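Paired with chain B in one complex and with chain C in the other, chain A is shared by the two complexes that follow.
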Partner chain A sequence: MKAFVFTTDALLALTVALLVAMLTIVYVASPVIPRSLYLHQLSADVATVAEAQGAVADLIDGDDTALRTIFRSMPPSVCMQARLIDDMGNETIITEASCTTYQRELQSLWLPYHHNGENYLIRWEGWYR
Partner chain B sequence: MSLADKKGQAWMSDFLVMVILLFGIVFLFIFLWGQYTHTASIRLSYNRMWVAASQAGDALVTTAGFPPSWENLDNDSIHSIGLAAAPNVLSVQKLERLSQLNQTLLQSRLGLSDYTVHITLRSVNQNETVYELGNNLSSTLNRVTLTRLVLYNQSLSVFTLEVSE
Partner chain C sequence: MKGFIATLVSIMLGLLLLLYAISIREDVQAFEQTSNQFNALRHAALVFDAVAADMDRILDADIELHDNNDTVSLVLLGTLPPANSTDTLTAYQDFLADDFASRAHADISLNLSNLTDGAAELRFFDRYDLVFDYENETLLFLPGNSSLPARYDINITFNEVRSSQVMDIEESADGAGINLSLYYLDNNGSITWDGIIDEETLNSLRITFASNYTFSLELGDGEDGEIRMETDAPATLAMGVDAPALAPPEPLSYAYEAELYYAQEGAWKRSRPARHGN
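== the complex of A and B ==
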């Protein structure tokens, strides 16, 4: 009986070792879609288009309509937020209406902006729902 | 039965059980490993397509292509395709020239030779498709769809690149 217990024990250990090895490989080596690259591209798109369309200037002047239209044109799976900071440190935050909190894979882009003799910083943030 | 015989029988039973279980475990492991490599292979293939589509889409909307005035050249002189007059501002002339390229050349110059490509451009203000190239891939399950924001004719538009194997 001693021998039986010993080999069964060893077999159980082998099973556990194999499963752990396999789970480790599956967990570590599973290919993951590099979606953060796309999120970064979309954030850059919004920054470029918003500036070219004058949506940033409008936002500084208190009108966020154009910026919200740009946000609504994004893919449904992506949320965008603009954080405008003036040289006094005051912040104006515009977030796409249906997005509340950060979920996954945040990408951000800081850009300086000059308007009517004043300096601003804009932080563009994009994340997946 | 002597004590020595009993010990021998216990060892043999143990050995047989162990061998059967061992084979079972090894076969299970091989089966699971096969399942994993199959799934990983499909995902890797999808990831490759995703990265290729992402790079091609970025080249299309943020670069002018090479040579930059490729829209005025014959097919053999085109090395890479970009549609931008400026980053995220699409050129009407380049889009018109793009329509004249055959699918093989288009896919090759976008680095998407192994895939089928479908391009659309939708005006946000008019809410209608203003440009379309290639066969619709909406019925294809294994496809990558990437959308980018651009300006076309000074109007906010959504550029969509669909890629399928």
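== the complex of A and C ==
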């Protein structure tokens, strides 16, 4: 009858193996969505603040100081970029200093903007360094 | 026998792990879908705010809303006569439906029929109407049948030479009514009036300028407490309205009498573009 079903060390090994397998599944399957949601929320907040503070109007008028100040207030792990497109298709891109290329989990949203009789498109982008 | 049981247990554990993995994957997929719809809804809310702000700029309506516990107030800074913004509004409507919708991968439409039919209307706190009647060069404030405003502050400035004036504003006989503070200024100087007017009685100020432009301010003609300002001369206007607090309390807002529809990623929203106060 000795070791008829399992020995104690086999049970221990099985328990450890089971735990490792479960942890692996949880880790592999765990969503990255909360980070994306956070990033999307940040992009939306930046868009709201920039509109409220007149930073978008300033950008259209050629002054990006206010927008860059808002970008600098972002968490260090996050990069922000604004892409402004006028009705002729000309683009103005302002990227937070030290953020050069897209890294991970890009989130973006488009918003309309009317200024001095002209319509503009603005794309707010955020990504993790 | 030992090997058989060990194999059986291993297979069962493997199946358990597989079911567990499938269950987590389904949860993640459901969460991703919810998350995308959540983002789309958030985006919709932002688009509605952006469109309302754009309409402020198109109609040159600089409006502030304040809540002071027992009163709510709105402040309008703008110009008279109301401008006809139909062309700009229509161009903006096309811009949203074409350029913006294409970039945002969204379905968007803006119904402007109530803003381009000769007058542009805004509704405050869902009880007062402000009408930019550009066809008749008139600005109207309509309190409706809801709670009457407590105070009007009207400050209007013309860069014109006055040739005649008729002011017929009387203090309310019983001391009840709307508190009025009027400050009128042109190149000849100022006209002021402070006191309480009867909201059911017509009070007026009529000016004729040397340029043959005219200005008329009427209070209480039409519905109770109505403000009517008509002029063909350019003017700058600052108008404040204080009213009893909203009951039950709710966030202050004003909405354009337009209808905006926005749909993206299975989420959609249809309502009037609205702006919110402090």
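By our rule, the second predicted complex is superposed on the first by the 96 of 129 C-alpha atoms of A that agree within 3 Å, B and C clash if a C-alpha of one lies under 4 Å from a C-alpha of the other, contacts with A are read in each partner's own complex, and residues count from 1 in each chain.
The definition used in the following text is that a residue touches a chain if its C-beta (ideal position, glycine included) is under 8 Å from a C-beta of that chain, and two chains touch if they have at least 3 such contacts.
Everything numeric in this text was worked out from a predicted model, so none of it was measured.
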Practice prompt. Report for A:Thr8: first if it touches chain B alone, second if chain C alone, otherwise both or neither.
Written response: first
Discussion item. Taking the superposition on A as described, I'd like to know which of chain B and chain C A:Pro75 touches: first, second, both or neither.
Written reply: first
Practice prompt. Once the structures are superposed on A, label A:Leu42 by its partner contacts, choosing first (chain B), second (chain C), both or neither.
Written response: first
Item to complete: Would you sort A:Ala97 into first (chain B), second (chain C), both or neither based on which partner it touches?
Response: neither
Worksheet item: Touching A:Val16, do we find chain B (first), chain C (second), both, or neither?
Response: neither
Fill in: First (chain B), second (chain C), both or neither touched by A:Val26
both
Practice prompt. Kindly classify A:Leu109 by the partners it touches after superposition: chain B alone (first), chain C alone (second), both, or neither?
Written response: second
Worksheet item: Looking at the overlay, what does A:Gln53 touch: chain B (first), chain C (second), both, or neither?
Response: first
Discussion item. Give me the intersection of chain A's contacts with chain B and its contacts with chain C, in residue numbers.
Written reply: 3-4, 10, 14, 18, 22, 25-26, 29-31, 33, 37, 41, 48
Response to the item:
Given the complex, residues on chain A that touch chain C span 3-6, 10, 14, 18, 21-22, 25-26, 29-31, 33, 36-37, 40-41, 44, 47-48, 51, 87, 109-115, 117, 119, 121, 123
Worksheet item: Which positions of chain A touch chain B when the two form their complex?
Response: 1, 3-4, 7-8, 10-11, 14-15, 18, 22, 25-26, 29-34, 37-38, 41-42, 45-46, 48-49, 52-53, 69-70, 73-75
Worksheet, complete the sentence: Interface with chain A, chain C side, in the complex: residues 1-2, 5-6, 9, 13, 17, 20-21, 24-25, 28, 31-32, 35, 38-39, 42-43, 46-47, 49-51, 53-54, 57-58, 88, 91-92, 95-96, 99-100, 103-104
Worksheet entry | Residues of chain B defined as touching chain A within the complex | 10-11, 13-15, 17-18, 21-22, 25, 29, 32-33, 36, 40, 43-44, 46-47, 50-51, 54, 57-58, 61, 86-89, 124, 146-151, 156, 158
